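Next come two complexes built around chain A: one with chain B, the other with chain C.
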Partner chain A sequence: MKRIPVSRCASQLLAQPLPRRPSCPYATAKTTRRSITPHNHRIQARFQSTAAIQHDGELEVELPEAAGIASTPSSRSASRGPRAAYLKPLPLEQLPSPHPSAAERSTKLHALRSRLSLPPRFPLQALARTLVHPSADPNPAFNNASLSILGRHLLGYYTSEWLLCNYPRLPMPVVFAAVEAYIGPKALATVAGEWGIEAAAEPGGEVDSGLLQFKRLKSGDELPAALRRQAPWKWNVTTTHKIMTTDEFGSSNAPPSPHALQKTPVPMEEAAQSFVRALIGALHVHLGSPLVKRFFRDHFLSRHLDISTLFDFRTPTRDLSRLCAREGFEGPVARLVSETGRLSRHPVFVVGVYSGKDKLGEGAGSSLDEARTRAAAAALKAWYLYKPVEVTVPSSMEGELDTSKWRPNLIDCGEVIV
Partner chain B sequence: MSTCKSLLRICLRPQQPSLLPRVHCRHESTTRRHQKLLALPEAPSYTSDRSAPTLIFNPPSSAPNVYHTPLKFLPKDDKRRQLYAAAQRYATTTAHRRQTSPVAMPGTPLSAPSFLPPRPSASLPAPLRQPYEKRYHLTAQEIEEIRQLRLSDPDKWTRVRLAEKFGCSQFFVGMIVKVPEKAEKVSAEHEAARRKWGQRRRTAREDRERRKVLWGRDA
Partner chain C sequence: MPLSAIKTVAKAQNGVGAFVLQCKRLDFHYCNWWGSSHGMNTFIKSSLPSFAKRNPQVEFSVSPRPRKHPVIIAHYINGTQRSICVKNLQNEGVREKAELLRDSNGEKNRKIGKPVASINESVRGIWDPFHGAKINI
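Right after this comes the complex of A and B.
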């Protein structure tokens, strides 16, 4: 399909192409075929064209002859009327992002697809599109904004359902923190880095499609206003409100919409997370949800997160006695299990919290109070981190005819409120 | 024979060492103090009661993993309840068959091996504070009296004195009657005392507060 870029093409449309001195005769021969993309970022920088024009409908794209696509007339350009005829074809350098037809020729994309173990029926054009951030290409038909919105909701759904089914007693703040640790912006940027995603120095039509295309935020510059805007959802934010209306991280500020980031320079993290989300969305669209679920399990749930480190108790002893009263256990009693060096400079006390004859938790500390508090915190963690033996997440029954494997999940009455 | 004697000697040592400087007094031979006295009996988990070769599994004691839910916290229909009950029964029979070595008495680190559920014994470790029953013994008139006394002269009738007089906790006195002026005065006094602190004391106190916050976080 021939593409018509919108409003990114330069006013130098009718000007001569910029003189470029080839480094060797072989390169001259190559440039005539236009099948190579310049990797030198100095060359790329020379071909940046940022002046926008208003009448953008009548642009023709110069396409590589090797691909054989240039001969096939596009329906979109045909519908644009006869004014297209007198315009010169647009050089690749003036496209905001690589042409979809270049995806088949990109070795990086082939390598990425096989590195992620994606089946060959997943089109490389879709993979190339997920790598184009809206800051590089404002046209929503060619950037990954819509796919990243879809992928973000899928990721949020799969992660939170897995957490809620596997740890049914987790308090809501811990659930939010765990979701952020699994699929938060930082985690997604790390995942993209581990997949070997490299960023283009500057987005453009001549860049390899396998590179992440986004407009870089120069070092030392301030964040753009769209990312800096701290718009609270509401002034009175309760936990219920966080669950019902905010995003999956329970954040206090609304994140910027991907569509709002057109032409704003963004940091690498923002572009990388939008790529990972868009990839999930594209997988869902092209391959269906069973494969997305497997992909999610392999690449996200396989990451180790110690949820017990996410807790922060302020009054663990009081919470524990409240919990025991609520559940009808005997009141917790701290007992000294063992000690050493009581009169020395570094004593160690090991205190266990008992309810009746059962030990609920154990903690060590350099004072009796510290050991007692730590033991109570350990007991609370043991309560909250309960994990059922067999778990079936609701999404595993999607589209299943045989629902006999379904086991109802435990639903807890909630965290301890003092 | 010698082991028994040395053990006796260990057990008969005074529990609380005196705070007086230790005076060198020689009434034992050096060999005895350095060699024979240190020959303690082996830990019970290392001594097998059979002559046949056995497997010894004795990991260092460590705090239990918080991901292992205690029996009491499991829901009614969890499968692990039966498993825990079976393990407990096995441990009971084993414990009753074997005699506990004196080095593994309750109150010593060896009494609770980390890899087995605790041995069922009547003697739980000693509590840090004596557990007490809550007495709801104050009537409405007494509470009104506490309130009156506290408001009439907060300097004379402090929380401590009222708690002693009525046999309740200071926290309860603070709960039923609040004197903001007195609280302000006391906190101003504390602030003035804190202002006199030097650099080292201030740093030490602040660090202590910071460490205290970590108790509930990294346990």
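Right after this comes the complex of A and C.
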């Protein structure tokens, strides 16, 4: 069995461990092999190589020897001298989630790792841990809660910096909607489905580690209180407040913390999105940020989203005249470019919006007013969807010594305020 | 608010960034007794290990199915499954069928009419009678 020392880079992932509850037995076992300390029964039963809690020095654990151990749990403590007496093996059915040593033998996990083109040095135990939702296993050392928090922040960071650098003039509601289209809960659940993730009917230690482990919400049951719509962050929600204090989607109420969902039945979508986030977090911990950025570009930014379809203007003509006044252009004037069938049942008017001699936008409609509104919306979209030719996102300079490739990004003063 | 946004989900374009093989699992069923399984049994013994090594994205399972013709069943990411009966086929024929199942995407076979199908809008835009060269009739 492989031993992976991860506590070095992952100690920030989890909160302070409970006293006398060691959670990275492999790391501790590696350093201190020969001291004897009585410790928690549960940890004895399930050794884990991917848990990312701080190193505590005085722990001795017994490593499962090789493949085949977890299938015969009684053999786990059979041949290890005097300590074997008090190592009580648990039957697999009593474990809340699969034993980490079962990960190496899961064909589903091997297939999933290759399907996502992850390098073989990404440990399968880590991949197996990202598939365990807190509703299946409440122990934070064995579920994906902490990794999914890390992954959520990484995803939010990479998506929003990419959007803000590539479309510096996007209005904030559109930025939020675009972020949600890329990495929102629905999008992540779709991504998990497209990666071929299957859910276990019921979580447990005997289940294949390649299946998504979570406690299912029964059909017809009410959503648990943690997932239901709660009181908003604040009653008077402004755009500034959304930018500064809410999550990456600018949502009006706080999402439930993954740690709060222990033992709660959750819908499949919730578990699937926590898996995708946790996978990003685990990749960051085990493989480093350059690979996460490449993975993010390949799997998320490559998705198709037409941002121009996200706009929903209420009064585009008024917005456009305010924009022209702000930018010092001449006031917009709508002029009829061409028309056909004015007296018929289906007339078409083509109207252009002009500022002085420059045409800002053009739209066609079946009435003059409709065409004018469409033209103003086209002009506004042309302004808001400006895209600089050469863009370097801030995260591309992380850890770089040579910063000569950095190009400062355009920062716009923002959308029109009416 | 002068402007609100419409919520949607970005569409996947498999192969644009990352490529995810759509076949996720191949089941090989054989019979030790019937002669129709002869080629399948040879395939399982000789070629299947290397075939599985070449396709690590796919989960392979081999199981006996006594007194039945040999069959390959493929499971796809979109939830469908396709099966091909490989009775009386030789080793090569079975391998070809396995590759066919591996390479298909789980959708029903249908005729592709247009040479190009794209979700990107055309660079030229929709034809418009009011623009372009003025044609006098």
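The rule is simple: the second predicted complex is superposed on the first by the 330 of 418 C-alpha atoms of A that agree within 3 Å, B and C clash if a C-alpha of one lies under 4 Å from a C-alpha of the other, contacts with A are read in each partner's own complex, and residues count from 1 in each chain.
Following the convention adopted for this analysis, a residue touches a chain if its C-beta (ideal position, glycine included) is under 8 Å from a C-beta of that chain, and two chains touch if they have at least 3 such contacts.
Source: prediction; values computed, not measured.
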Which partner chains sit in contact with A:187 here, chain B, chain C, both or neither? Use first/second/both/neither.
second
Based on the superposed arrangement, let me know which partner A:377 touches: chain B (first), chain C (second), both, or neither?
first
For A:110, decide between first (touching chain B), second (touching chain C), both and neither.
second
Regarding the shared-chain residue A:326, is it in contact with chain B (first), chain C (second), both, or neither?
neither
Touched partner set for A:405, first chain B, second chain C, both or neither:
neither
Between chain B and chain C, whom does A:415 touch in the aligned arrangement: first, second, both, or neither?
second
Regarding the shared-chain residue A:229, is it in contact with chain B (first), chain C (second), both, or neither?
neither
Should A:297 be classified as contacting the first partner (chain B), the second (chain C), both, or neither?
second
Between chain B and chain C, whom does A:337 touch in the aligned arrangement: first, second, both, or neither?
both
Using the superposition described at the top, list the residues of chain A that contact chain B and also contact chain C.
309, 311-315, 337-338, 340, 350, 364
Touch list for chain C against partner chain A, complex
1-14, 16-18, 20-21, 24-25, 56-61, 77, 119-121, 128-130
For chain A, which residues are in contact with chain C within the complex?
107-108, 110-111, 114-117, 171, 173-174, 176-178, 180-182, 184, 186-187, 190-191, 193-196, 295, 297-306, 309-315, 318-319, 337-338, 340, 350, 364, 415-418
Residue ranges of chain A in contact with chain B within the complex
308-309, 311-316, 329, 331, 333-338, 340, 343, 350-352, 354-365, 368, 370, 372-375, 377-379, 381-383, 385-389, 410
Contact residues on chain B for chain A in the complex?
17, 63-64, 66-75, 78-80, 107-109, 111-112, 118, 120, 124-129, 131, 212, 215-219
